[in-house]
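In what comes next, chain A is part of two complexes: it sits with chain B in the first one and with chain C in the second one.
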Partner chain A sequence: MTLEKREARRPWLLLSPALTTIFFLLVVPVIFVVVYSFWLRTASGADQPGFYLTNWAEVLTDSFYRDILFHTLKIATITTVLCAILGYPAAYFIARSRRNKAMLLMCLMLPFWISYIIRTMSWINILGVSGALNSLLLASGIISEPLQLLYNETTVILGLIHFLLPFMILNIYVSVEGIDETLEDAACSLGSTRWQSFLEVTLPLSLPGLAAGGLLCFVLGAGTYITPLILGGPTDAMFANLVFEAIITQLDWPLGSALSLVLVAVLGALILIYNRFFGMSQLMKGLS
Partner chain B sequence: MGWSVIRAWTAAVYLFMFLPVAVVVLLSFNSNQFGSFPVTGFSFRWFIELWENEAILRAFKTSMILGALTALISTFLGVLASLALVRYKVPGRDFISTLLIAPVLVPEVVLAVALLLFLNFLSLHKSFFLLLLGHVIFTLPFVVLVVQARLVSIRRDYEEAAMSLGANPIQAFLTITLPLLAPAIFAGMLFAFTISFDDITGTLFWKPGGIETVPTQIFSMLRNSISPEINALGSVMIILTVGLPLIGLGIARRIAAKQA
Partner chain C sequence: MDNSKRYDRLLDRYKNGDLDRRSFLGLIGAAGLAYGVSTPFAKNALSAVKEVRFDGWGGVVSEALRKHAFDPFTKETGVKVVDGTFGSGDEYISRVKASQTGEYNIAHLSGVFDYARYHELGLTSTLNEKNIPNLKNVIPKLVDVFREVTDGTLSCVPFDYGTTGIAYNRKHISDDEMKEKGAKILLDERLKGKIGGWSDWRTRIWYASLQTGQDPNNATDMDAVWEAIRTHRDLLLKYWGSGAELMSLLAEEEIYVTEAWSGRVFALQEQGHDIGYMDPPNGFGWQECLFVLKGSPMEESEQLLNFMLSKEASVAVAEGQNYPPALDPAKVDLGKKIPTLPAFDPTGTLSGLTFANSDYWNGNQQAWSKQFGRIQKGY
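Let's look at the complex of A and B:
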């Protein structure tokens, strides 16, 4: 073999372990889920291979699934919008602050290192019947009975915001950091107010970061089933909870497959729209 | 909006992010017999009870082993792939990159379902091995991102200089590129370990009955009621996952400083 040929083969040699892993543990399994969604769960508990549209008919026509899908999208939208509102000023502050910037950034990274389940359950300590808030209100005599604050839609959203806010802030920060500060000054010197220069210069330029953060918040929020299980009540199930129920509790794997594919289709469509406008590279910036 | 308003807003946002976590740590040292409010005094009793809880210790051991193996495997795969993508002209580079990042683009629930169903079809049932495969595939993109970002900044010239002085490509890699890349490899491993240690979404799908990781153990304890032991466990995990990376960062800085 000539040297050139060996040189040309080398990258593939390096790539092959990772690509083989991805191929057999991701690509093939996902295709398999598509096939599985057309199989049928029989009364005996075995899965009947074949081409049945039963699962799809059930998933696409039953209003139960549709309602939970809309509920999930609603929760994810509210979470994303609130993350953007809460996160933008903070990200702007970090990017434009001169002192304490390193410290603020490091603190922003800390939540990524603190366990998701610990952060989620920490709200039980705050809002639970014997939690901080109730204890405070009882001790100060404002209430005489502990309030039932947990296990509803609001606490699910609260938990999701707590989980996703760092993603949003980090992405906006990366964007604002890249904008030349003098642009705003230039706008001001040309007669616009600080607020106008922000609205017409900084905000549009930081849109890619805002969109990347928004996409991450939405996709991660809409795909979760742990937060509703810990902080939600019986009626707060989200779409991923349906998948978990079908696969783990009812062991109806063909139905679970169809449900997962609905989730992939909805979130995948969003990622494609995002990719069309901003490209994937922006997302990678925030991730690394 | 004035600057002071933005500053106050930021302070409030940071408070929101950290107050609940601080309360976990506070309550874990509380001597109150229910471990809840009011805080009556300082005590290590919940940590002692934690230490005596065998289920938690077992879960801790499982998570450590799982995290370590995941970190080793996915870092190995990730470093090789990053080298190929950064150092060579590969046809279809964008497509391959996207494929390597794909595990974070697919919702984790779906990834979990797909892997579980497919391996079950191959008669590989829920096991520690399935958990390991799942964690590797899920952490791989993060390793690739971290290592690639660093590799781009290491100039090819050094390697070429070594080769022009007679080193073969493998020697050049081992003596030049690898030491320069070490901090990124270390960071990638730490990243993979932490993600694996923290994962619950996929783990709940993949874990066989009888095996618990720390997050799934906490989850099953939460189902009964919040016990003060969970707060103590939370404190231990916060100290581990915040403390370890800080130490790691220190070591990485020291290595980098030596090289400079």
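Let's look at the complex of A and C:
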């Protein structure tokens, strides 16, 4: 074998463990899910192998699934926008702080040390009828009866923000941290105010980080089912809840597979759009 | 049975004169040879039987089982019981479907309908009842319904029974009001936003049948049933999904009324909460069983089942989890606490409880679970 051929093979050899892992742990399961989506569920709960378009016809034509999908996208959009509004100042502050940067970053990572479910359930102790907020309001005489604050769309969004905000902050932080501070000084020396220099220089340069954080928040938010299950009311279900119910409650794995592929397709399309405008490298930067 | 026990039995037979010296030494030699040539894989396979997996409902039920059944059983036999939990029977059957044979062994299942589903999926085993002598103390009615499903054999033993009645906060709903309204209290406009409900499609349809004046095991007007479920949904604060969530919602006074599991309500009452409990006429009665899945280590599983059906373990678990045991009160003295538990039947006939008809519920499972899923989400 010539040296050139050996050189050409080397990257593939080095990549082979990762590619093999991805193939068996991601590609093969997805193929299984695709195959499953064309099967049927029998009355006993057993699966009937074959090639049936029944599940796909149901998922694509039934307005029930479409409405829940739109509701999910709406909740994910609201959450993402709120995360961006709340996360940008925090990320900017951390990136520009001279002292305690490490400690602030540590504080940002702290919630990840606690289970997501526990973090979500903590809102019950805060917003519940006998929770901290109601107790405080009652004790201070502001209200005479406890307020019903839990189990609605607002608490679902609140729970999602709690879960996703660190992802947004980290991505924006990485972006802002990479901006040369002297650029802002240069803008100021050329006559712009601090606010103008932020709007004209810092914000545009940090947009890729904001977009990466937005993408992560949106994808994770749209794919969640725990938050609406714990903090939502009867009509606050999201699309992932439908997948959960089809698989777990109804034992209808073929339908659940079709539903999950729809969600993957919608979120995959979003990632492709993001990649077209910003590229995936920014996302990796935020995750690293 | 482990090797040392086998050896002890063999030695006993030899000492008693049931076995001559030549046969005894021959058997010991053969056992030694078999042990010597066994591969490491065989050793692993045999050692795996030292452990049995048990899945149940979690919370106070799991605590009671661990304390009064599993730990003493492990101490007595050396067989470790690994216990897991599930939120619903549907969730468990889904896990089993995704697992390898033998991964899950014994489950604390509810209702004959689930037993029938496992049978239809080919997941039942056949118990050797000779290894479960304590089965003779179980209420016959509870055993017979399982035998009917599996052609005279058993893949489970009944363990306890209870009801899904209505729990209500006495500060806001009086006992008289409950008696007057019964199941219809769950559709009371006055309590809007303070009503709860289990997210289980069977329970929802059962109670909607009662609310529309129909036989819960044979509803003829399903449109009326779905409408009652919609009405309930619109008055609801939250569908709960586990016993822990049910107890939390009632204890924190997030909700004032919901259908609830009798044992969990009794636990709340023991904690001092002023929660009432009522079984409306034709309320939802159920029995729970210890189900052994196909591919489980049968001898060890039967040993555990027999241990759990002993009076000591059964009564202690029942007192811990607050559900009456399946033991027949006509044959076994159940002590002082059990007769005070909700749903307890001192006659052992269970004639006052209405159980789900498995053919009716399983026959409609596919369509009704899906339809309820839609209504639950506002459709």
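The working rule: the second predicted complex is superposed on the first by the 266 of 288 C-alpha atoms of A that agree within 3 Å, B and C clash if a C-alpha of one lies under 4 Å from a C-alpha of the other, contacts with A are read in each partner's own complex, and residues count from 1 in each chain.
The rule is short, and it goes like this: a residue touches a chain if its C-beta (ideal position, glycine included) is under 8 Å from a C-beta of that chain, and two chains touch if they have at least 3 such contacts.
Because the structure is predicted, anything quoted here is derived from the model rather than measured.
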| item | value |
| --- | --- |
| More chain A residues in contact - chain B or chain C | B |
| Touched partner set for A:166, first chain B, second chain C, both or neither | first |
| Touching partner for A:68 - first (chain B), second (chain C), both, neither | second |
| Chain B versus chain C as contact partner of A:92, first or second or both or neither | first |
| Partner chain(s) touched by A:247 [first = chain B, second = chain C, both, neither] | both |
| Chain B versus chain C as contact partner of A:128, first or second or both or neither | both |
| Touched partner set for A:43, first chain B, second chain C, both or neither | second |
| Touched partner set for A:17, first chain B, second chain C, both or neither | first |
| Those residues of chain A which chain B touches in one complex and chain C touches in the other | 124, 128, 130-131, 229, 247-248, 253 |
| Chain C residues within the chain A interface of the complex | 88, 90-91, 93-94, 97, 117, 120-121, 193, 201, 233, 236-239, 241, 248, 252-254, 363, 365-366, 369-370, 373-374, 376-379 |
| Of chain B, residues touching chain A in the complex | 1, 6-7, 9-10, 13-14, 16-21, 23-24, 27, 34, 36-38, 76-78, 80-81, 83-85, 87-90, 96, 98-111, 113-119, 121, 133-134, 136-137, 140, 142, 144-146, 148-149, 194, 197-198, 200-201, 204-205, 214-215, 218-219, 222, 226, 230-231, 234, 237-238, 241-242, 245 |
| Residue numbers on chain A that touch chain B, as the complex places them | 10-12, 14-15, 17-19, 21-22, 25-30, 32-33, 36, 86-87, 89-90, 92-94, 104, 107, 110-111, 113-119, 121-126, 128, 130-132, 134-135, 139, 162, 165-166, 169, 195, 219, 222-226, 229-230, 240, 243-244, 247-248, 253, 256-257, 260-261, 263-264, 267, 271, 280, 284, 287-288 |
| Residues on chain A engaged by chain C in the complex (per definition of touch) | 41, 43-46, 64, 68, 124, 128-131, 148, 150-151, 229, 233-235, 237, 241-242, 245, 247-253 |
